[in-house]
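Below: the structure, in structure tokens.
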Amino acid sequence: MANAMLLPVLISFLVLPFSALALTQDFCVADLSCSDTPAGYPCKTGVGAGDFYYHGLAAAGNTSNLIKAAVTPAFVGQFPGVNGLGISAARLDIAVGGVVPLHTHPAASELLFVTEGTILAGFISSSSNTVYTKTLYKGDIMVFPQGLLHYQYNGGGSAAVALVAFSGPNPGLQITDYALFANNLPSAVVEKVTFLDDAQVKKLKSVLGGSD
Amino acid sequence: MANAMLLPVLISFLVLPFSALALTQDFCVADLSCSDTPAGYPCKTGVGAGDFYYHGLAAAGNTSNLIKAAVTPAFVGQFPGVNGLGISAARLDIAVGGVVPLHTHPAASELLFVTEGTILAGFISSSSNTVYTKTLYKGDIMVFPQGLLHYQYNGGGSAAVALVAFSGPNPGLQITDYALFANNLPSAVVEKVTFLDDAQVKKLKSVLGGSD
Amino acid sequence: MANAMLLPVLISFLVLPFSALALTQDFCVADLSCSDTPAGYPCKTGVGAGDFYYHGLAAAGNTSNLIKAAVTPAFVGQFPGVNGLGISAARLDIAVGGVVPLHTHPAASELLFVTEGTILAGFISSSSNTVYTKTLYKGDIMVFPQGLLHYQYNGGGSAAVALVAFSGPNPGLQITDYALFANNLPSAVVEKVTFLDDAQVKKLKSVLGGSD
Amino acid sequence: MANAMLLPVLISFLVLPFSALALTQDFCVADLSCSDTPAGYPCKTGVGAGDFYYHGLAAAGNTSNLIKAAVTPAFVGQFPGVNGLGISAARLDIAVGGVVPLHTHPAASELLFVTEGTILAGFISSSSNTVYTKTLYKGDIMVFPQGLLHYQYNGGGSAAVALVAFSGPNPGLQITDYALFANNLPSAVVEKVTFLDDAQVKKLKSVLGGSD
Amino acid sequence: MANAMLLPVLISFLVLPFSALALTQDFCVADLSCSDTPAGYPCKTGVGAGDFYYHGLAAAGNTSNLIKAAVTPAFVGQFPGVNGLGISAARLDIAVGGVVPLHTHPAASELLFVTEGTILAGFISSSSNTVYTKTLYKGDIMVFPQGLLHYQYNGGGSAAVALVAFSGPNPGLQITDYALFANNLPSAVVEKVTFLDDAQVKKLKSVLGGSD
Amino acid sequence: MANAMLLPVLISFLVLPFSALALTQDFCVADLSCSDTPAGYPCKTGVGAGDFYYHGLAAAGNTSNLIKAAVTPAFVGQFPGVNGLGISAARLDIAVGGVVPLHTHPAASELLFVTEGTILAGFISSSSNTVYTKTLYKGDIMVFPQGLLHYQYNGGGSAAVALVAFSGPNPGLQITDYALFANNLPSAVVEKVTFLDDAQVKKLKSVLGGSD
């Protein structure tokens, strides 16, 4: 049939009309060996399927610590495939009695999805200092707007696990206690800008390793 | 102690210096009764904790259909709290043998997190038509760059479930088969722009309810 | 002269070629009576020069309070002309011994310009909790990246004044102490997510008006 | 055949899994009867194919004026379908000896495509005041970066026509001569801020209809 | 005259007040020898007028192929001057009977301007699979929203030509047929995710050069 | 007390849960030795507090020139800490009788804050060529929308000083007179695109150093 005979010829012609389309940026897997830029890392070459895949959230984080919780990030630093794509993730493991302390993500909003157990979560608005809290069960989701203080803790009798997604590849994580007590910010300054008592500041600095 | 006596007085004074800060936009929960804008819906008033919470992904979608799969969205239309926050979510249920057909999200990148079972997923780049595929097990994540064709199907012997997060509150979903065969696009046009045979087009139009 | 005679004719013709150009958006002064959107307020009509001008930062804020400081905002809520323009301002008055407590701006970076006195300022990075501090004199500027905890206090023997500019029309202001102690967040939750002692939390809740 | 019999059943099932996807924003045709926002107009309802189509650039603009040129815009005000899509267009007709005077587009870069004749075009950089000029023939394109002063004039012996595309739906057009001489900006101020001579200013104000 | 005598002195003084303004980024012509970033290529040095000019769309593309059409791109890869400017272009040549097959641009909206002949064009929305089609004559424009499937074909008795502008410097081009049939995506997978028959898939894979 | 004894142990455990968080981008101080990108300069390493501080605006600019004014920039080129943060600044010194000539900032809106003296400022809209002017006294602020022509001059009997903030790290500065008269743009072209008289153009070209 004439049609059948024409077909083998089609390929060489059909490819031609668009053959000049190189350098298209469908994605930009981070080359972490380069300097970052305000829009993310330069793109690596030689990309494969593995660059868009990450196994690091499959295993539970180690919650054998005093906060009985672990945050396992899949940010651009761990998962270079999200570079430039406006999204990243993390896994939250919170043992019974565990807590993810008060913190913000300066560079992204957060969406939390409970996969196991019960999580009590809340965030605080900036203008009115209004508290928004929910008890979240398996399958529930909650969203935390960018830059606002929030926390999560286990509210049940078994381990809780959540997948957390962020609206950017590098959301950042600023834990209030670490910012105040785990560095060389002088106790006198901490007290001045927080109205906390000297004894309280020194106690937590001692606990978190900050110098006085 | 003088200090203790001063403290009750502090509140009335401390609040004053910042009392003029109203109208701050920490978030903008969608008022779906208003017209959308290019940046999202106008903000509703009277926001509560429930606006940042969504229960609709907790239950499995009904996969008793021929594709044996269900996509349950938590986009701005279902979950108004994500309006303006650059993120949304969906739940994917894929029964044994089920498939989420070839599709794109015109307005967001996607991050998939497997919570149960095994999912075979792939996407295709635009320039070189390169195929990137992975077999994903529980706890694995994969990212699909914005606007590129991709698919997921169950690759195991039990039901698969995934949480999907998007880099925007309204990602859109364009299923290639629906775009071609589930509307009034004439068969002759479909054939002209896809090189599909007439019988194939008419068969799928019949299946998917498109007019000839 | 022929040239001179032609000139009066020019206007009627020259105007014509571009007369269809209406609806151009050079600016979008906020109509604060409308609902906000994720990109800012709808534009008001009947704009005049006064909409781009604000007098409210000319007078010193009242620092006769226990923190001996005042923040006078010129955000979109006070100065509707900045709507959509990616910038806003505030005036900082800090009396001797005064302090602007630890806080973040969730939605903007800040640039501080000292116009009088001496200000000690610092911010804390998220990843390494590194503290960046400077003593600022008249004419000095310092920039505070979006979303990071920072503070300012008077470091001299006279009143300090600063103009503060923000990289957005509605930067927000979340004062850590207010978020923790000036609302109905239960003391037990505050203690759980901050590791502060019960007595400390209750003392500051009492001072700042939070319920227990 | 069993397969054939199954197919008619497919449609009712296949549609179900995604039926909850309403409110998706593929586009946002401007409702020009509403107030604009910083991100564009609210979306109209009842959209049809005609909303994405514009006939107004098909006819030549009237160049029977002293500048012997006409700019016919297809901005959001004329072509509401481009709202929110980051693009718009205009038609340029320049008769022999005609000129599009020095101007900027405050809100978009411009890409010019010559469809007839010869156009001499140039733009001037801000830092070094470097002039970039080209003679453009049919089929040539030139790009003018956002906000920079540029001009076009007919450089041949026949009428020139160009299609101009912009990187935004509402690029704006600020013609330097109009800004200086076609309004009530006092001559003394014009002279002060431009170093132009009084006679020159008054002559052009008279021509362009500005009050003294 | 005193005025005339003062003028030659002006230059040395006038230049001084702003002489520190270097490093201003009016534009950022792509240095294609560097790695791309999520925001575009690093800027080249030594820019000239030729960097903002492109001649490659002046000549008709070769339509002596089976689809009887050619797309000639002026994306950042061909026209480095558009880097960072939010715009790019292409030329469309469609011979009588020719067609630009069903495709998307993942990273830009498209504005089509017909310069010769008649083009039938259409796009399909994502939510409702609504088809929007128009017959376009010389001078008509049509806009295709980002990421949505669309097509163009010659609807007249003579060659059709169009200039196409995009709302980004690197729009991408994903032709559905190429994504499905011109690579190593196994036929079984194509069939699973498209519901196409095996014979149809193998026929088009053979035509387009895909491996089985 | 058991509590006290546990505390020293806390640090080693508490640090662990989040220890994998490297590569977070709180800021991106410009490495000016690298090529710029469309989103700003690559980030330097080894950042210190000094990178977020700039002293260069503390001293008055030299106004001993014919315009009796000086603009001292703190753009990314002078103050690398603002890279990627969406803000920058400048100092304006205007002696009695001094003027900042008509200009635009192609890449930012401007917010002016008067710290000394009286400044007359105005800008001109693009569509209607409407003039918006204000007399600004110490403490007043005015905002100038991106890309629009504006000017400032001293309106009082003493030196005027202002801090200027911009909504971007690299706003650009295009002074109309410089663009027209301080380069090699031929007088004939200037006259053609501005309608200025030949004598006027040549006079100002001579003053500002442009070649004829």
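We call the chains A, B, C, D, E and F, going by the order they appear; numbering starts again at 1 in every chain.
We adopt the following convention: contacts are C-beta pairs under 8 Å (C-beta built on N, C-alpha and C of every residue); 3 or more make two chains touch, one makes a residue touch a chain.
Since the model is a prediction, treat every value here as computed from it, not as a measurement.
Participant: If contact pairs are compared by residue number, which of A-F, B-E or D-F agrees with B-C in over half of them?
Facilitator: Equivalent contacts to B-C are found in A-F.
Participant: Return the chain whose centre of C-alpha atoms lies at maximal distance from the corresponding centre of chain F.
Facilitator: B
Participant: Please decide if copies chain B and chain D contact each other with the same set of residue positions, more than half shared, or with different positions, and reply same or different.
Facilitator: different
Participant: As a multiple of 5 degrees, what angle does the CA superposition of chain A onto its copy chain F give?
Facilitator: 120
Participant: When the contacting C-beta pairs are counted for E-F and for B-E, which pair yields the higher total?
Facilitator: B-E
Participant: Whole-Å distance, chain A centre to chain C centre, using C-alpha means?
Facilitator: Centres of chain A and chain C (C-alpha means) sit 27 Å apart.
Participant: Round to the nearest whole Å and give the separation of the Cα centres of chain B and chain F.
Facilitator: Taking the mean C-alpha position of each chain, the two centres sit 41 Å apart.
Participant: At what distance in angstrom does the C-alpha mean of chain E lie from that of chain D?
Facilitator: Distance between chain centres: 18 Å.
Participant: On chain C, where are the residues touching two or more other chains?
Facilitator: Touching at least two other chains: 21-24, 26, 34, 37-39, 106-107, 122, 126-127, 145-146, 148, 172-173, 182, 203, 207.
Participant: Chain adjacency by touch: line, ring, star, complete or other shape?
Facilitator: Per interface graph, the chains form some other shape.
Participant: Every pair of chains that touch: which are they?
Facilitator: Applying the touch criterion to every chain pair yields A-B, A-C, A-E, A-F, B-C, B-D, B-E, C-D, C-F, D-E, D-F, E-F.
Participant: Spell out the residues on chain A that touch chain F in their complex, using ranges where they run on.
Facilitator: 32, 34-39, 61-67, 69-73, 75-78, 106-107, 170, 172-173, 175, 178, 182, 203, 206-209
Participant: Over in the complex, which chain E residues touch chain D? Could you list them?
Facilitator: 21-24, 26-27, 48-50, 52-55, 57-59, 74, 79, 81-82, 85-89, 91, 108-111, 113, 115, 122-123, 125-127, 132-134, 136-146, 148, 163, 165-168
Participant: Given the complex with chain D, which residues does chain C contribute to the contact?
Facilitator: 6-11, 13-18, 20-26, 28, 31, 34, 37-45, 83-84
Participant: For the complex, which residues does chain F have touching chain D?
Facilitator: Against chain D, the touching part of chain F is residues 99-102, 104-107, 122, 124, 126-127, 129-131, 145-149, 151, 153, 172-174, 176-180, 182-185, 189, 192-197, 200, 203-204, 207.
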